[in-house]
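Order of writing sets the labels: A, B, C, D, E, F, G and H. Residues in every chain begin at 1.
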Amino acid sequence: MNNNMLKSILQGVQDGTLPIDQGLDKLRDLPFLDIGHTKIDLHRSLRNGFPEVIYGSGKTPEQVANIFAHMQEHGNVLATRITEKTAEHVCAQFPEVQYNATARTLTWVKNAISYGTTEIAIITAGTSDLPVAEEAKVTCEILGTRASILSDVGVAGIHRLFDRMEDIRKASVLIVIAGMEGALASVIGGLVDQPIIAVPTSVGYGANFSGLSALLGMLTSCASGVTVVNIDNGFGAACAACKIARLIEK
Amino acid sequence: MNNNMLKSILQGVQDGTLPIDQGLDKLRDLPFLDIGHTKIDLHRSLRNGFPEVIYGSGKTPEQVANIFAHMQEHGNVLATRITEKTAEHVCAQFPEVQYNATARTLTWVKNAISYGTTEIAIITAGTSDLPVAEEAKVTCEILGTRASILSDVGVAGIHRLFDRMEDIRKASVLIVIAGMEGALASVIGGLVDQPIIAVPTSVGYGANFSGLSALLGMLTSCASGVTVVNIDNGFGAACAACKIARLIEK
Amino acid sequence: MNNNMLKSILQGVQDGTLPIDQGLDKLRDLPFLDIGHTKIDLHRSLRNGFPEVIYGSGKTPEQVANIFAHMQEHGNVLATRITEKTAEHVCAQFPEVQYNATARTLTWVKNAISYGTTEIAIITAGTSDLPVAEEAKVTCEILGTRASILSDVGVAGIHRLFDRMEDIRKASVLIVIAGMEGALASVIGGLVDQPIIAVPTSVGYGANFSGLSALLGMLTSCASGVTVVNIDNGFGAACAACKIARLIEK
Amino acid sequence: MNNNMLKSILQGVQDGTLPIDQGLDKLRDLPFLDIGHTKIDLHRSLRNGFPEVIYGSGKTPEQVANIFAHMQEHGNVLATRITEKTAEHVCAQFPEVQYNATARTLTWVKNAISYGTTEIAIITAGTSDLPVAEEAKVTCEILGTRASILSDVGVAGIHRLFDRMEDIRKASVLIVIAGMEGALASVIGGLVDQPIIAVPTSVGYGANFSGLSALLGMLTSCASGVTVVNIDNGFGAACAACKIARLIEK
Amino acid sequence: MNNNMLKSILQGVQDGTLPIDQGLDKLRDLPFLDIGHTKIDLHRSLRNGFPEVIYGSGKTPEQVANIFAHMQEHGNVLATRITEKTAEHVCAQFPEVQYNATARTLTWVKNAISYGTTEIAIITAGTSDLPVAEEAKVTCEILGTRASILSDVGVAGIHRLFDRMEDIRKASVLIVIAGMEGALASVIGGLVDQPIIAVPTSVGYGANFSGLSALLGMLTSCASGVTVVNIDNGFGAACAACKIARLIEK
Amino acid sequence: MNNNMLKSILQGVQDGTLPIDQGLDKLRDLPFLDIGHTKIDLHRSLRNGFPEVIYGSGKTPEQVANIFAHMQEHGNVLATRITEKTAEHVCAQFPEVQYNATARTLTWVKNAISYGTTEIAIITAGTSDLPVAEEAKVTCEILGTRASILSDVGVAGIHRLFDRMEDIRKASVLIVIAGMEGALASVIGGLVDQPIIAVPTSVGYGANFSGLSALLGMLTSCASGVTVVNIDNGFGAACAACKIARLIEK
Amino acid sequence: MNNNMLKSILQGVQDGTLPIDQGLDKLRDLPFLDIGHTKIDLHRSLRNGFPEVIYGSGKTPEQVANIFAHMQEHGNVLATRITEKTAEHVCAQFPEVQYNATARTLTWVKNAISYGTTEIAIITAGTSDLPVAEEAKVTCEILGTRASILSDVGVAGIHRLFDRMEDIRKASVLIVIAGMEGALASVIGGLVDQPIIAVPTSVGYGANFSGLSALLGMLTSCASGVTVVNIDNGFGAACAACKIARLIEK
Amino acid sequence: MNNNMLKSILQGVQDGTLPIDQGLDKLRDLPFLDIGHTKIDLHRSLRNGFPEVIYGSGKTPEQVANIFAHMQEHGNVLATRITEKTAEHVCAQFPEVQYNATARTLTWVKNAISYGTTEIAIITAGTSDLPVAEEAKVTCEILGTRASILSDVGVAGIHRLFDRMEDIRKASVLIVIAGMEGALASVIGGLVDQPIIAVPTSVGYGANFSGLSALLGMLTSCASGVTVVNIDNGFGAACAACKIARLIEK
């Protein structure tokens, strides 16, 4: 609640240029000035030019299509966790909407994305981690940051990682995605200086306990400065990475 | 392993300006060129001008003092998780070493720190989270980034938080520290655009399960782009924040 | 076991107005005087004018229909956790039974509900929490208390919450429903004085561990006086809220 | 944020009876009007005539005494989770402060408490649950509601419970405190109509896992309408009960 | 390894009545003399006149039918955890085999069961616990002990339990089956003197965590002398009860 | 609540041989006729000639001594979980009370114990399990059943077990006590026909998780009919075994 | 990084026999000289003549077939966790590929396997553990080590185990596979001197918690020298056993 | 139970060279022929020339000394988990017993150890893992296998590991010890062909949960053929490694 904003409202009221009822409205609106439609269930509505985001999990094809219909007058749209069935339903109605089957995302790019100068490297331990990596990539791009995937460089064959170090060192921010024991985050964390956002995945079985092993492993990483997001949360990692990108570009 | 570095070494050998034995040494040293003493147990030796860091947990006062003795010819030194007893022992021997009892850190600043332009805000839910916040602050500062603590702005009295929003909005990176349910990270994550590094703390009892409630809460935060470090890990959050700061300042 | 009731029975026996066998029956019945049919599996038979409640989970359509058939001579009936298939089966047989597909409830209102004066506000963090909220609403209403749902006011966009504070402040009791980290209970708990019953939901994935994150978060809430029911238990929250409502109205 | 309050401030500004700077202050203060000292770590500062509450865990005797010193000009004060050592330190300085060794509370009653008409019954399964019960009782009383403890009526000798049913039925709100399997909450929940706030305790060993067995048991209680607070949280249960009491008395 | 058996074998060898090779066979067979077919996967082959038991989980209809075919020359047979599909397949081939759809058991009674004098009472908290109760009943009966089910006497309506106390007191051993918080075991344990075998069930949802709440509750029961078997393990409880019955009848 | 008892009371009232007030008393006392002092915190007061039992955990030496003082006019007394310090305090006051330092029990045998004919074998995997075994033995004996300990026969040297099979086969009921993986219960369960009560102990470290490994192992034992009590609960196992013994002796 | 290899490369560069660019290539390749195709998602590519291994879980039939197509010019191939549907798809395209439905493996043996002299015994507690045992057997064989399965020798009928001790003693390395409480590993560990690799399986229900009980049991085994792999990981156990076999044969 | 041994006993009985009573003794002793003193609580008595091993945890100094006294006529002795206080007590009585304060072991070498030809490398991630490594080393040596420790080569500075690869490749068996996320096992597992026994340690805090993170990480390692022992179990890892060594040397 900015003092100056408050002061100017009060000034307007005292001046008589702002009737009490309008002042009342302004005061009530202050903390959420730039928000439009709270009734639509958004993944997280990212303000300031970010696209609208829909979290598709638990929604029927009809519901998702309906939300897209309401978004026709908005900017770009991203929907995550979209099943093939929902995608077909939505794309039939809105042919310009694109489905990425690996990332399980729908994107509706109405305004050309103008990319910043930063580059994000999305690194996966195995090819089974690709859906999470693709979700991160699609999210980065619609948020205006270029991202590329370096896949299958897990620590069980660490030479594969070393072979890609040059590419890794060129990126500004790293998203490291791994299931099983999640050791890749620690190894990369010991080799580079960039911010690392680690994404544990549910890839594995048994003592993996649906991603718990990678999650605990990344949180207790012996490499300092690794931060972690929820299991399989490629979208969240991309949001965090893009916030850093935006900061650099300012 | 940078191609150019390899090429220049080989070139030197071919030219005869670099004898084979010296080339051999250089090649073996490449990935850990600037490391001196791997036998000393460092928290995480941060290369590139970063200070040496000692993880004090489980070390005797004598061992810590001994490590400080070996570090006399190195740059600045940070030691974390230091008990009062160890601090007394070390400070008696090295009077210029400073003990911060709240942060439980020892710092030995031999070369004046030249701060960058970035500012980090360290926000705590309650005053019981202060030791973690202080550890983060001391770490940020010795890594060359200014940081200030905004304490006791937990969500149970959310007006306290709003009162500090202006300060919070001025910082480039936020470290949000909370125990119990850790809701502060979600609330701030919904209000600002900066990168947020959340630190769950073990503050609480019962269903807190030594920090598990705050940890799970922060990982499943409904605000996108919040990243998380280990429970009570102020040091790790500061490292992550400073990596971002360094990127901005480049 | 009320002394007076015992005394009056004994008095009747001594007076000869109550034959021994009838006294025996009365004594055996004392603690469960107003119960009719213990063989039917009820969710929880709420005495004193409350409707009969059937817990539908794990019952076949035929079993549920059969219970409804046995309840024809009883008062109002509520059935929870009812699948669409079961609903079709029951409603085909008893056309006056209403199915609420979101709440997954069947209601059979034979006697018009006479509402009390109290109002309950049911607040959800996201639209995915709606099934739990609807179950709570249907339960409140058949228990004779008016309830309204304020949905999608989660803390990631806290302005949405503030916009509804007036409505929230008007209710006597609040039911706060949230998945993920469940922070909404803490935030509301810090803003209002009413009793708050928090319902963690299984909405989320990964470190949500089927509702564990919200459950632990709500139990360790930094706002005092928040109480918690089982994960996804909209019915239980409504029962608790209506007990309070009834107390107020007395 | 009450519309009327906002309107009256704006009216005052327009009228000229309220200078802009004072209006500004009032607006900034609105959500936390009656809060004085946010820097002191309060358990949860209960507004509206409620006493100040200090959460003593993790504070030194000096810190707690210092907070009491700052509270001299405030109303009644409650401090919870106070060790004997801290109590001695504080009472030496402030002789009118009372220590309850079982409840581990300090109370400083400067203004005579005016009790409401409601009564709360605090019921424990065993005598080992007494510290939690006493914390609840002390809290209820300083919040202005009479409470009495019915101890040692656990279900392993259910006749002890039945013997006390008359007392239990007289209270408006019940706080049920039990460790081990926590079955007392279910049994009482099946016998009475009042609101029940269940407090699991860490009493037990082995598969009790520090209160987890009672916690899960109470959350999954087969009696509807039982709500639960954190393990050993007598304070929180009392706050919830007093919120209900206040509602009744309105 | 019984001394007398060893002695008689050696005596036979010394006497010459037992050739060395036959003695060798006898010695090798000693610890498993009365076992026939170790290659068939039995639930637990109960020796001494007990029927053969097949654990059906994870077996195809063909495999189960095949085992029944191999058991034609054995005594009575019990198969547990049998799906309807498997039952149809087996019963088509062996018409005298009986399927109990609630218990999910197949029984093949070739020799009339001669019941002992002991009676086992199987008590359930709710009707959803019936499949476990039926599995226990079928097992008791084929093991030669009469058992009867007293269902739906859970603690949320404790009068229903008291109404059945006479029946309960008549049984020698009690099997108490309950899901949710499993409080029934504690309550009965406090009322009677018989051995109680408690079976936690997976009935419930949320914080029930697939039976964990009832399991922990029963293990930490405040009533002494309650013993517990695995979640949903009606078969195991019946085996334990019948061992006691057999002991009594000796 | 026995019909005959009720009938005879009513008959007395009708006859005039029982005044109403005395009838009232009798009726109120029915379910807890033989209980004396509910205010003393008993482990579990075992009716019918069983001794009074005190659960010492969390009680001060003074409190325990005070309870003993109140028990002077009662029969035999058992106190469990008694520290050495408490024992000294109590024994100084009541010299006839015996302390068993391994079992951590106090026993006060005023009336000579008359043992039944049954024998219980208490079998431990290792010598570290002895405290639990001794607690079980002391409990069995004061409950009137002879018990002997067979220690250190764990499965890692299974010959040690076979060497004791004759002794094991002679007992009527077996209590099997093991930490680590708790395999002893399964192995014995496969060798004998007697009832087996398994006690997991907290002996072990790491993945033992304070007894969890033995607890889960015993609950999932592949030998049917093994029942389990809480971790380290020698007292509870003895109570269960003695209930069986009593049944046999009837 | 072998000194001699480095030296010979440098020597070659100095001699002029190795151009700088080729030296550069050699240096970059050093740590992963013998790897061919990092882009294919391999279970774990075992170097040195071991076959290529594909982890089939989460791959479509088309993807697996495609990987087989790329492996035509490689040596023998093993694919694990293959569904029947995938197997049909692959075998239709590559008729020489063999599907083992129990082991859920595909094997493509192009070069005859030359077996070593070592023998591995794979021992299972029950027949339900067979899929894991078969996966281990198939893996051992394609890795060039003979293995045989001894099934259904669980501890609940320990005589079955003793009957097979001779066979067990003949093997060099033992793989012990058990679900439920996993006690078989401890029992065998106490009887033999060979290395034992224990595989917990998810066979069981309830307190088995998807293999957790067997996993914890094996990790805390009272028999020293038992090592453990992931739940249901027959493949991993076989790899470990074959590493030992290879060592023996050297 | 070896056929030949049985046959020779029976032959002796038939021949008359072996009286029945002596034959009886021999038969009873067969499975535990070479065991002496089962009453002493041994860690795990390793037969065949292995030393006696005492597990010191939970034993008083007197008890440990007493066991040593009973072992005077045995071979070499190893005691693990020995506190300094116990060590002093034992060494005062038996001056030739050696205490290793880091390993927390006592060793009593009466017969010179004759080492085999195999070498074991014990590799630790950090210096805090040294106590576990030392326990492993002492155990290896008294079991007759040479072992050397390579410490502080954790993955956060992976160059430190590469620097030691030559030493690592020379050993026959590797013991890899790491806390925190335990990634070292995966990385080494991907670089070498030897058998790897991984030991998770409890080094770390927060989400380490006393070693759980390293344990789960090692069990789900993406490198095939890594086997795991209990948390902090250096002794067990050494036993497993020495079993392999013994096999190689045969």
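For the reader, a short list of remarks on this structure follows.
Note that a contact is a pair of C-beta atoms (placed from the backbone, for glycine too) under 8 Å apart; a residue touches a chain by one contact, two chains touch by 3 or more.
The chain list, named the UniProt way, goes like this: A, B, C, D, E, F, G, H = 1-(5-phosphoribosyl)-5-amino-4-imidazole-carboxyl ate carboxylase.
All of these numbers come straight from a predicted model, not from anything done at the bench.
Path length between chain A and chain E in the chain contact graph, taken as the least number of steps between touching chains: 2. In summary, the chains found to touch both chain A and chain G are B, H. Centroids of chain E and chain H (each the mean of its C-alpha atoms) stand 41 Å apart. Here the spacing of chain F and chain G, counted between their Cα centres, is 49 Å.
Distance between chain D and chain H, defined via averaged C-alpha coordinates, is recorded as 54 Å. In chain C, the positions touching at least two other chains are 1, 3, 28, 44, 126, 156-158, 162, 191, 206-208, 215, 219-220, 222-224, 230-231. Interface note: chains touch in the pairs A-B, A-C, A-D, A-G, A-H, B-C, B-D, B-G, B-H, C-D, C-E, C-F, D-E, D-F, E-F, E-G, E-H, F-G, F-H, G-H. Within the complex formed with chain F, the residues of chain G that make contact are 125-126, 154-158, 180-183, 186-187, 189-191, 204, 206-209, 212-224. Note for the complex: chain C touches chain E at residues 28, 31-32, 35, 38-39, 41, 44-45, 55, 57-58, 200, 202, 210-211, 215, 230-233. Chain H meets chain G in the complex at residues 1-3, 31, 43-44, 46-48, 53, 162-163, 165-166, 172-173, 190-191, 193-195, 197, 215, 219-220, 222-231, 235-237, 239-240, 242-244, 246-248, 250.
Taken in their complex, chain D has these residues touching chain A: 1, 3, 6-7, 10-11, 13-14, 16, 20, 23-24, 27-28.
Contacts from chain H toward chain B in the complex involve residues 126-128, 151-152, 156-160, 162-163, 203, 205-208.
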